[in-house]
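In the two complexes below, subunit A is the common chain; its partner is subunit B in one and subunit C in the other.
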Partner chain A sequence: MALQPVAKLPFEGLIADARSHKLGKWHSKLSERALEQYAEIGWPGPKTESWKYTSLNKIASGTFSLAREYSAIVPEDMIMPLTCPRLVLVNGVLNKELSNLEQLIGNLSITSLVDIEDHQKTFFDDLFKSEESKGDLPLTYLNTAILSDAVMLEITEGSKCELPLHIISIGSGNGITFAPRLIVNVGIGAKVDFIESHVGCSDSVYFSNSVTQLYLGDNSEVGHYKLQNDSRDSSHISLTRAVIDDGASYDNFTMSVGAKLSRNEVRAHLKGSGVECCINGAYLGAADQHIDNTTFIEHQAEGSSSREVFKGVLDDTARGVFQGKILVHPEAQKTDGYQMNRAMLLSDKAEIDSKPELEIYADDVRCSHGATVGELEDELIFYLCARGIDRESARRMLIGAYISDAIDEVKNIDIRSSIQSVAENWLKQNLYEK
Partner chain B sequence: MSLLSIRDLHATVGGNEILKGINLEIGPGEIHAVMGPNGSGKSTLSYVLAGREGYEVTRGTIAFKGKDLIDLAADERANEGVFLAFQYPVEVPGVVGMTFLREAYNAKLRYLGKQEIDAMEFLKFVRSRAKTLNMSDDMLKRAVNVGFSGGEKKRNEILQMAVLEPDLAILDETDSGLDIDALKLVSDGVNELRSENRSMLIITHYQRLLNYIQPDHVHVLAHGKIQRSGGKELALELEAKGYAEFSEEAA
Partner chain C sequence: MSISEETVDQVKKLEADKYKYGFVTDIEMETAPKGLNEDIIRFISEKKEEPQWMLEWRLKAYKHWLTMEEPNWAKVGYKKIDYQDLYYYAAPKSMDRPKSLDEVDPELLKTYEKLGIPLKEQELLSGVVAVDAVFDSVSVATTYKAKLTEMGVIFCSISEAVREYPELVKKYLGSVVPHSDNYFSALNCAVFTDGSFVYVPKGLRCPMELSTYFRINAENTGQFERTMIIADEGSYVSYLEGCTAPQRDENQLHAAVVELVALTNAEIKYSTVQNWYPGDETGAGGIYNFVTKRGACRGDNSKISWTQVETGSAVTWKYPSCILQGDNSIGEFYSVAITNNAQQADTGTKMIHLGKNTKSTIISKGISAGRADNTYRGLVKIMPKAEGARNFTQCDSLLIGNTCGAHTVPYIETRNPTARVEHEATTSKISEDQMFYCQQRGLSPEEAVSLIVNGFCKEVMKELPMEFAVEAQKLIGISLEGSVG
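After this line comes the complex of A and B, so read on.
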């Protein structure tokens, strides 16, 4: 019997390259370990349960090289429209010239891996290790293995950041891959809002494999808002993982409008009790876009609440995926969980796959979930037209209202209206009847 | 000259001919009532006039202020001054009442080549209209018709009419579902809007409404045609005798 050639792992060839690249010896060890774990789990395929609706074949079979350019022009019209301090990553590496952090007050410190000596990296080491124990996340290991930088934000205990921080991750170049990595460490009782805008320079085609890890100390308050507006032919795979302690509140919202293939995966581990956690989002898809939102909320302790509202609009042959799992441990009595996922299909060929999953091991809990799929009813459009509003404006108003309902979940009012304007822009540019 | 002139109007819905030769002339300032059995085509007529898609005119003409209406889209007809108060007003989730009214009002201004209205000024205008209809500010802040009671929805239709000030108002069973007080309120609202230039086509099943809003003409629509026309006494006669004389066999 002929031996089958051993299938090479996607991106394996780039990993060795990455080691000699930017971060030196320290990263080599880390990268080796990550590669081992990545190899053990393997690339997610059609049989991998959590990836059954989203195929990564196109990424796996593509030819990518590591990004080597770390400067670009910020595509201002793509990012979230906000005036606040910004931190800019180009192809995953912090670019200080493009960032303006002067306005940030002393209660927030920013450390880039590129800037520090190997012996100072032990703290990062521990963080990465703790990440690795989390299991089935091959793309996170890949991120670690090909890292070019990592940025850590630390908000000191008790400090309240008045201005939000805007983190802009820019993809620039063709056929490249990069691995943005953010670590956010929020001290006890601290308060901060930050935004991630993922965008691309015009015509860039890339694969961004992004990981954001958060640690929320007791009673901290964090707003974490993300805009995925990557270049239309690119791929965006991201994982956000938040570990949340007693009494903390976490407000997460993702607006997805860009990329050809995207996955926004959010995993929230409610370690403490009395946690308030919101994982919300909205998505607008047209042409052949594929937009995946996958969430996992783990209630580990008593008396926490979680809320999830996702709403999407899909036109043409766009495809949406929503997977939402809520796991309630036996200790997590008095858990309050709510999940709602709605999609509006504007074309016969648009599609949504939806998979809610509740796994509850405590008996005194309140958990509910629901999903709806609908279309824009002619009767509704006619009602607006009969009042003098033209058909196109009527559609825009109705779809806008539909999506706003999810955007209204965003707790920070300024950011809410920024996201609103992103949605309105999208509707202006993409919504015309075929 | 008539404000609205309908000649030999035939229309199909889903391939079925529902209107089979309607003739109707409405002069400026006139109030016409249309009565008729269920399923006779009254709402169909209202949709055809308002320009709903799927309601296809196969023969005949509709002239409004001398213009051919058939070629105009629904929004253009509305901006020309045709208003339809729906038999079943639609709930519009997420669109706030006040915003909806302003959009509609400004659409008309733009259509007429005029400046859009100042938001504060408009608010005052709407409030004064809402007051007459006993509609609270709260209702204007809510999404249009969402969670409104049947009667509230009907009142909201009349408010929209009062704000948009059409030349022709078609009221499709605005009275059904209203309690006695609301019927009075809505009728007062409608009467207040009566003017020499504003005509109305009132579709109703009940003679009671016509006590409040006195029509100049009453028509009986059955089997897709106007079978009989007369003065307001015709409504009383129908109340007493029903529609037996207009049954398929009689026709």
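After this line comes the complex of A and C, so read on.
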């Protein structure tokens, strides 16, 4: 990838190219509107508050072309180790051959962008209507402008999906960019767990700009788990946006271990009352990795609770960023908000920047946040050594336990243990056998 | 008499005039023409009989200010300030610097008496506080000067210091807050008219509290004072600052700069009770308080402690900070910020850890009532060389009513693995249980709120020197008046 001076509006040149996908009139109109929004906001720079700690200069000055290849071999050792129905996207486009959709049960429908139905189009419109700080979403508009495909999942009212659904997004190729887009509509009282694995084929270098939109109907129950294990020299920028209605419960967890530069942004809008929302995550960084976790929880109605636990371990010159904001509207009385972010630095060149933020306009609320940073405590190591455990094992035990603490937040037991094994593998490869 | 009863009494007394400092003193003033340009700066510098280097420094700051933009990242909204529609210099006419208190205009002395700072009495009685009083733009009187001079403490107005101790001023002025630091501090550098200057010599523990009272009196005047405190090796000083202004319909601008320097083993304790006129219930009038306060712990084992009780001002924009350069140096920030009616406060601190084993503590209590917005904004930065640095931060917010807002925006940047940084924040309201408990024991709702709020702020209040603590407790009651029931 040759470096060029930063263009005024990066990727603008690719947008016309993306329209050549011929996905119909509706699609080109959508793309035009998105371009307008993207152009209005512009590329986030160092002065954009929500991108203060994560610089996108390298992406902006890189040369990327739109991915044209939509088949690849699934890198089985990188994805979340689970046996369940899978849906595979290669460079952002649904690949039916790699997916085993036949296993999927009837109460779940999957539509690709070419077959999009009218009511599903409203999800795209929603994004343009949203009042929330538009300025924070330039890359979401860029995603919309260069879409090659989008996958819509609809879970019908009242249906309980026994098996989780594994969505695998593969990046394959060099110097390419793609925009995976996933839209999940969960009907009233429905229950579903799904996993996103973002991985890359070996030696691929790409920029994945991913967006997942969810709508949770009344009393629905959704587990949404994500593994970000993109190729080591790639960039992964993602937004998850969930709109949650009355009495629904949303359990989100992100495990970030891959990519050179990654940002995992989760925005949850608690529209209904009595919502239970968990946004948790763990991140492991070594070498020159940059891992950004940004969350925004908006309490719009009374009596909802939100919980956030993020933990990270950073070695070498890795840099971690955590930005978490809780906004409580005046109507959202009896809100209960909790947020905790902890990071462990293992090297003197590692860095962590946290910005937990509360913005509260209702008086009858309980909101708290906490953040801690520190190294592995000598006292704890001593405690274990005093009991006959050698120093290195003690260290491994403590680092492992530190990260499991966050992983324990995952409600689905099977998924929890597979996330656990991903973390253990990473620690083994990057820390213990380095 | 219990504190809460006292508060209620105080509030009753003030019913006719809620802001008791809202009077105007009719005194002949000398002002520079309205507006800001190089000539005004030359005029101020000439009035102050300043040396050439000082004027050049001011002009350099002014030129830089012209290239800057007013910051808009704080969570406050206010009418655009027309910097050309302000007087940048206003001084009581009658006096050149008085030789003794007897020469001070009696009107002025009366003003300070009304404010509860009887300068004259303090000279006579065996008080413990030395006061420098700043009226609009100039320092009018400093008490206890002789006694302090005898011990080697320099406590005077900054204009006097520029004339009498140019070497000291030249060495430290702008060394903590440079002329290019931020929009308001650059403006201050260009047009500052007075302020206090303190130098505590090596090894001396300053025997009395030093204090400055600031008063904005004239209309359409900006007050730009500059305070400098230098604590030489092994010394200690405790400094108090209080501020009031008359009640006016238009907004007034206050852009001050405070620089503290603590050398090896020195300690500075800086306490502020900020009670500028907050504007009326509808949000008309009030002071725009845009202040840059920063202390440098230059030497090893030095310590700087900021304590502030912020009850006044329509808009507050203030972040007293510590730069912990020396090894084992300590920075502290204790703050109570109360906003009621249409007040807005965006305040907090910055703790920059550079030296080894540096420690910082941040305790911030924000109370928001009426339609007010109260924001804590802070930065804790641990630099790569700050081995063993330690920070503890606690930010608590209390909301009274559902038309106000409380916000917390901390930034935590850590670049050293041995650092331990802890941050906690909570938001809550006064619970019905607490109110019921108090009222059941015969307290009125107003008394109960005052009691609970004082309890909520206790950790900060106990850091204040005694004379100030009593006043501050009363202020809290007054500021929250009308917020319940």
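For this structure, a couple of remarks:
Operating definition for what follows: the second predicted complex is superposed on the first by the 385 of 434 C-alpha atoms of A that agree within 3 Å, B and C clash if a C-alpha of one lies under 4 Å from a C-alpha of the other, contacts with A are read in each partner's own complex, and residues count from 1 in each chain.
Rule of thumb we're sticking to: a contact is a pair of C-beta atoms (placed from the backbone, for glycine too) under 8 Å apart; a residue touches a chain by one contact, two chains touch by 3 or more.
Quick caveat: nothing in here was measured; it's all calculated off a predicted structure.
Once the two complexes are laid over each other on the shared chain, residue contacts for A:393 go to subunit B alone; subunit C is not touched.
Of the two partner chains placed by the overlay, only subunit B lies in contact with A:404; subunit C stays clear of it. In the superposition on chain A, A:385 contacts subunit B only, with no contact to subunit C.
By the document's definition of touching, neither partner reaches A:94: not subunit B, not subunit C. Between subunit B and subunit C, C touches the greater number of residues of subunit A. Of the two partner chains, neither subunit B nor subunit C is touched by A:72. Interface residues of subunit C, counted against subunit A in their complex, comprise 73, 382, 384, 397, 399-429.
For subunit B in complex with subunit A, the touching residues are 50-54, 73-75, 78-79, 83-84, 86, 89-90, 92-95, 100, 103-105, 107-108, 111, 143, 160, 164. Every residue of subunit A that touches subunit B in the complex is listed here, in rising order: 378-380, 382-391, 393-394, 397-398, 400-402, 404-405.
Those residues of subunit A lying in contact with subunit C across their complex are 49, 330, 333, 343, 345-375.
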